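Alright, structures below, take your time with them.
In what comes next, chain A is part of two complexes: it sits with chain B in the first one and with chain C in the second one.
Our next item is the complex of A and B:
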C-alpha cells in the first residue's frame, strides 16, 4: 500500500513554491524592468487576469475528473499528440528550471564563492535531486510543505525589516511608463504566474479533487501577495530608473536590514532559507518532468529516470556561457515560452478536449 | 571495476523487493482483516508410556550429566494403594522449593487414608436392580485423572502429551512430572526464581508523575499495565520469539481502541521472525521496523508503565520482552521523541514552553557546530564586527583549521561521554570533571583549540542531553558530523541542501505505516495530536493518523461541573 495523494493545502504550497522561487531570483527585477514604478498596479492587474485563467483551467479540468493534461492530450489527439504535448511540457519544465538554477547559482557564486567554478555550485543541487527523486512523491510534497512557512516568513520579514529604508516616492509615477505600457503591453508580466502550469498536473494526485477550485484560486492569490511583497521591497528600496543591477535583488535588499548593533548583516540567513526553497522548486519540477516522461513512455518505475533528469538539468544549466546569456534567455525566450505553453497551449488543449467531450455527449444522446 | 554492470544496475528497473506497509485512514472496523498464523513445523515427539524411555530421552535432551542445574528427582508415587515409578524434572534456581516439597512431593509420596484403598476398584456411580439383575454404572479408574483431581493440590497443572511443550515450560520455571505407564506428563507451575522488585525509573525522571518502572519479569510488567488500564479490553497476547531462547514477548493493546490492521501487521511481523535468540527490546526493535536511510528511531522505548499506558489509551501498541525492563511503543512519530510524560502533568503553558526549549535543543544539537564552521569559513559577515574580532583574536594562537579544531573537540566530547557511561558509577562523575574541566582548560591554554569552540561544543552537548529520547539524541549526534562536513565544504549551501535532503528522507520514513512527520507535515487535519499541547479540556480527540477505533477521548464539555446546565446540543 502506498499513500501518494496530497491534501489541498499541500497542493497550494506546491504551486506557490513555484511562484516564490522565481521571485527569489530575478523575477522582481524583470517585472520592474518592464513596467517600472507601475509594477505594483500592473501586478494587481495581471494577478486578476491570472486568477481568471486559474478559474478557467479549473472549469475546463472539471469535466475530466482526475486526469492531467497528458491524459487529456491523449484523449484529444491520440498517443502521438500526447507525446508532443508531453515533450513540450518537459522542455518547458527542464528549460525554465535549469535556467533558474543556473541564475541562482551565479548569484551564490557572486555572494559566497567568487573563486569557485559554477559546476561545483550546481552539483550539490543535483545530488539532492538524485536522492529526492528516489523517494516517494508524497514525501517530496511533505518536504515542500515543511520548508514553505519559513520562506513565507522570510519574505514578510524582509519587507518589514526594510520598512524604515523604503522611499515611498519611488512608487510614483503610479502608471510608470504610461497607461499603455502598464495595462496593454504590461500584460506580458503574466509570465510571473508560471506556477499555474502545475494546475495541469496535480488532479491525479489530489486527495480531495472537489477542492480543485479552492486550490486554483487560493494559490494564485497567495502568489500575488508574495509578488507584491517582493516587488514592493525591491521597488521601494532601489532606484529602478538606473535599473536594478543586482544579481539577486532580494539578497541585496536583505543586506539593508539592521536590528541594533548586533544584527547588521542577515543576508546569509535569508540565503539559507532560499537555498531550501530553490531546492524544493527543483524537486517539484523534476518530479513533474519524470511523471510526464513516465506517462509518455509507459515506464513501470521512475527509478531509471531518477538520475537521468537531474543530469539533464545539470547539462542544460551549464550550456549558457555567461550571466548575460542567462539573462537573455530569461527575458527574451523563456518568458514568452512560459506564456505560450502555460497560458496558450494548456488552455487550448483543455478547451478543445472539452469541445470534443461535449460533441461525444451530444452524439451519444 | 565493471562499469557496464554499474550502469546497468543504476538504470535497470528492478521491482521493489521490500515489503511496504502503510496505515491508511478509514480502515478501522474492518474486523475481517486476516490474522496470519505461522505454524511452526517443529519436530514433535510424544511422551512414551515407559518411564525409562522417557527418562533417557529427558536426560539426553537436557544433557543432565553435564548440566549442573538440571534436576531429575526419581521417586515412587502412591495412588490408591498402588505404587508407580515417577520422576520430576525441573531447573534448580527457577522453582520455589517450598511449593515443590509441600504441594507436589508430599501429596504424591506420602501415604494418607483416602489414598489407601485398592487401585483396581472401580467407582460405582449409580446402581439399579431390575428383575433381580443389578445394573451398575461404574467409572473405570484413570490414574492421570486421579492424580490431577485428587493428589495434586496445585493451582496450575496441565496434562501435556508432547515433549516440546513440556520442555518449553520447564525452561520457564515449571516442573514436569512423568509417571510410569502414562503417556502424558504433568506440567506444574512452581515458578519461584529471584527477580528485581519494582523500582524508580532511572532514565526517565519526571517531577509530577508516578515513580515506578518496568522490571525484567514480563508478568510483573503486564500486571503493571493491567493495573493502570484497569479495563477488560486490554489484550495481552503472548508470542514466543527465538528458536533457542523462546523468549516470551507480549503484544499489548486495547481492543476497542487500537487499529485492527496495525495490530495484525505487528502480529504478522512478530510471528515471522526466524532467529535463534531474542534477548532485549532493542534487538526486537531492530527486527520489526522498516529500513530507513537515516536510522531514526521508529519505535519509542520507555521504562515507565504510566507512559506506556498513556500510549495504549491513545490507540497505540505496546510490546514487552521478557528480560527487558523497557517497553516498545509503536507507531512512533517525530514529535513523540521530543515529548516526556511530564508534559501532560504540567500546566499547558509550562509544557509548551519546555517543548519550545526542546525544539531549540534539537536544532542546536544537530546544526550548531555545522553552522559555526560554515560561518567561520564562508559567512563571517553574519557576525557583528566586535564578535568577529573577539573570535579571530581567540583563534589567533590556534594552529589548526576550524574543521580540525572542531573535530578534535567533538570526538573528545564523545569519548568523555562514552567513558562516563562505561566506567563504574563511582568514577563516572570524575571522568566528566577531568574531561570537561581539566582537558578543556588545558587544551585552550596550550592553544590547541579556541575558547569560543569550547562554548560551541559544550552548548551542543548540553542541547543533546535536553533531547528526551536517547536513541533520537544519538541519531542527532551522528548527523551533526555530517553537517559539520557540509558546512566546511560549502557553507550555508551545504547546510541548506543537507537539511533539505535530511527533511526529505525524514518525510519519506514511516513507522508502522504512519508517516514519521505526522503532526508537523503533511498539513493534513491531524486532529488530536500536534507537538504543542492544547489545554487539557480541548484534548478531545486521539491522533487521527493512528486511525483508532474511537476518535474521541473526552466529551466536548469534559468539565461538566463548570457548565452544569449546558448540553452538548447547545454548543456551536
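Our next item is the complex of A and C:
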C-alpha cells in the first residue's frame, strides 16, 4: 500500500478518467436537458471558464509546493477546519461516485442482467476496490493508463460510427433556450468539469511537480474534446425537443452503429470498455477518499480503511429506492454540490491560504 | 492459514456471484428462448391487439447452410398490449420470447390509422428491440402479410427481412424505414414518420406499360404487376402524422421522397422519346450532387426551394438511335428535367397539403432561421407546413448511353 509517485501523463489520464466516466452514464443527457441545441456552444464556453479555473488553481497551488488541499486547510484554519474540509470532500467523492456507480449498474441491469438483483451487479465493482486498495497508488494509476486509450477510441469510434445517422440541423436554433440560458444560467454546466477536483489532491503524488501547469490545462482541454464528442453524438442522433430520458444514452447511440450485415451489435463491446472505465473511476475516487481520511485521522497506514470505504460506497449506492431518486440526486443535488465544493470551496480555501501566506511574508519582512 | 482464508473467501464470492448471475443467464440461454424474427400487429376484437409472432424453427439454425428455405412458425394471440401478448405467448410456448433478433414489425393499415405511437414507445423501451428493425404498414392483415413473406433467394427468413429493402438504393421504390428512425421522427417537432408500405400480390396478370406515366411509376403494394405465386411485396411508403397513418405514396412518389432526402444512389425513369412518337426512353439517373433545400418565409408561410442535380445514362436502344448528337442528349435532358420537376412538385404538394406531413424533415432546415427554441415552437412548423409553397428545379445531364452510342 505504499503510495508512489506518478508521471504527468498518468496524472492527466487520471483527471480525464473522472470527466469521461460521468459522460458515459448520463452527463451528456443532463447537459442537453439544460441547454438543448446550444449545448455544443455552451460546452465550449464553460470549457474556457473551466480552463480559467484550472489555471487559477495552478497559480494558487504554486505557492504550496507539494501540499494538497487538506494540508492547505490545516495551514489556513487548523486541524478542525482541516477535518471539516476533509469531511466535505469525502462526502462529495463518496456521494457522487456511489450515485454514478448505482446509475451505471442500473443501466447494466436493464441491458444485460434483467433478472439479477442490483446488489450482485454492484458487488464486482466493490471487489475491485478491495483488491486495488491493497496495491500501490501508482499501480492503480497504471491500470487507469492502460484502460484510458481504449475509452478514448470507443468515444471517437462511437462518434464516427454514427456519423451517417447524424442530422447536423439539430445544432439549431443556435441559442437553444435563449441567450441567458446558454451563457448566464448555462454556466451551471461547469459541473461537468468535476474532475478538476483531482487537481487539489495530486500535487503530493507528482514525480515532476513543475509540470502542474501542463497537467491542469491539458486535462481540461482533453476533457472538453471528450464532452464535445459525446454530447454531439447524442445531440445529432436523437431528437432533442421532447425529453426522452434514456438510461444510458451512449449505449443507445452504440446500438445504432452498423457496418453492413456482418458488423452489427457493437454495444456489448462498448459496454465492456465502459465497465473497465467505471472501475478505474471508482478506484481513483476511492483512493482519494482514503487518502483524505488518513490525513484527517493521522493514520500511519491506509490498510484498515481498505475494506471500510468500498463497503461505505456499496451502502450509499444501495440507498436510493428507485431510479427516479438516483436521477433526482444527480440532477438536483450533486450538480450543485459539485459546483459548491469544487469551484467555490476549493478555490476560496486556496485563495485565503495564499492571502495568509502573503501576509506572513510581509510580517516576516 | 492466511492463504486458506483467502481461498475460502474467493470460493464463497465465486459461488455467490455465479448463483446470482445465473438467473439472467438462464433467461437468455438458447434452450429457454424462442427467437422472434417478425411481429405482426392487427386490431383485435373488443379493443384488443392481435399480435402475431414469427419464429424460426429450432432445427433451422443448424440447417442454415442447406439450400432449402428454413421453416418458420407463425403464432397469433389476442391481448390488451404488446407486453401482455409477449407474456401470454411465453406461457403458451413454455419458453421466453426474445425480440433481440426481430427484424420486422408489421402494422395493419387499420391499426396504423388509429395510431401506433404507444406501441412504438413500448418497443423503444424494450432493451431487446433493435433500432434497425424494419417497420412495415401492411395493406392486408399483418399476420397474413407475414405468413406470405417467403424469401425466394434467401434460405433464412431473418436475412430476407434484413435485406429486402436494400434494393431501395437502386430503385427508389421503397425507403429504409427502421424502428429507430420512426421513433426519432415521431418525437421530432420538425419532421414526421414514415414506414414501408407492404402488401400481398393478388394480381397474377401481366400489365402492359402505358405511355408517359408508366405502370411501375404508379405501382403500390397490393397492386403491383409482378407475375408468379402469391407473395409479399413492398412498394411505396406509408405516411404518418403524429403517429397516425394519414396516407400512402406510390413508387414514383417514394422515389421523389428519396431523391429529396438524398437516400437514393440511382434509379430508372421513363421519359418520352424525342425521336419516335409514343415511345419512351429508359434512363438511369444518379445524383451528382446532394439535393439542396432552402427554406424562407413569405408572409409567414414557408417558401421551400429545392434543387437537385443528376447525371444520366440511356438504357434504351433501338435500331435508329443516335446518342452521339449533342442536341438529342440536350432534348432528353430537358425531358428528364420536366418530368422530375413535375413528379417532385406533385409529391411535395401531396404531402404538404393533403397529408400535412413533413416526412422529408424539411422543418429541420428551417431551424437555422430561428434563434431560440421558444421562437421555433411559437411559430409551429407542423401547423404551417401545410401552407408551404415550393419551387423545384432539377438539372439532369444525360451524358451517354451505355456500350452502344449510335445505331
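The definition used in the following text is that the second predicted complex is superposed on the first by the 361 of 365 C-alpha atoms of A that agree within 3 Å, B and C clash if a C-alpha of one lies under 4 Å from a C-alpha of the other, contacts with A are read in each partner's own complex, and residues count from 1 in each chain.
One rule holds in what follows: a residue touches a chain if its C-beta (ideal position, glycine included) is under 8 Å from a C-beta of that chain, and two chains touch if they have at least 3 such contacts.
Every value quoted in this text rests on a predicted model; they were computed, and no experiment measured them.
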So, does A:322 touch the first partner chain B, the second partner chain C, both, or neither?
-> neither
Chosen between chain B and chain C, the partner touching more chain A residues is B
A:139 contacts which: chain B (first), chain C (second), both, neither? first
Have a look at where A:112 lands relative to chain B and chain C in the superposition and call it first, second, both or neither.
both
Please work out whether A:238 is in contact with chain B alone, chain C alone, both, or neither, and reply first, second, both or neither.
second
Does the superposition put A:348 against chain B (first), chain C (second), both, or neither?
neither
Inset, instruction - Figure out whether A:175 sits in contact with chain B (first) or chain C (second), or with both, or with neither. - result: second
Touched partner set for A:258, first chain B, second chain C, both or neither:
second
**Message:** For A:167 in the superposed arrangement: first (chain B), second (chain C), both or neither?
**Reply:** second
Q.
For A:300, using the defined touch cut-off, is the partner it touches chain B, chain C, both, or neither? Pick first, second, both or neither.
A. first
Chain A residues contacting chain B in one complex and chain C in the other 112-113, 124, 127, 261, 264-265
Chain C contacts chain A in the complex at 13, 16-17, 20-21, 23-24, 26-27, 127, 130-132, 159, 162-163, 180, 184-185, 187-190, 361, 364-365, 367-368, 370-376
Seen from chain A, its contact residues with chain B in the complex are 1-3, 6-7, 9-10, 13, 108, 112-113, 121, 124-125, 127-128, 131-132, 135-136, 138-143, 145-147, 261-269, 271-273, 275-276, 279-280, 283, 299-301, 303-304, 307-308
Given the complex, residues on chain B that touch chain A span 10-15, 20-22, 24, 375, 378-379, 381-382, 384-387, 490-497, 499-501, 503-505, 507-508, 513, 515, 517, 520-524
Counting only contacts in the complex, chain A reaches chain C at residues 36-37, 110-117, 120, 123-124, 127, 167, 169-170, 172-179, 238-239, 241-242, 244, 252, 255-256, 258, 261, 264-265
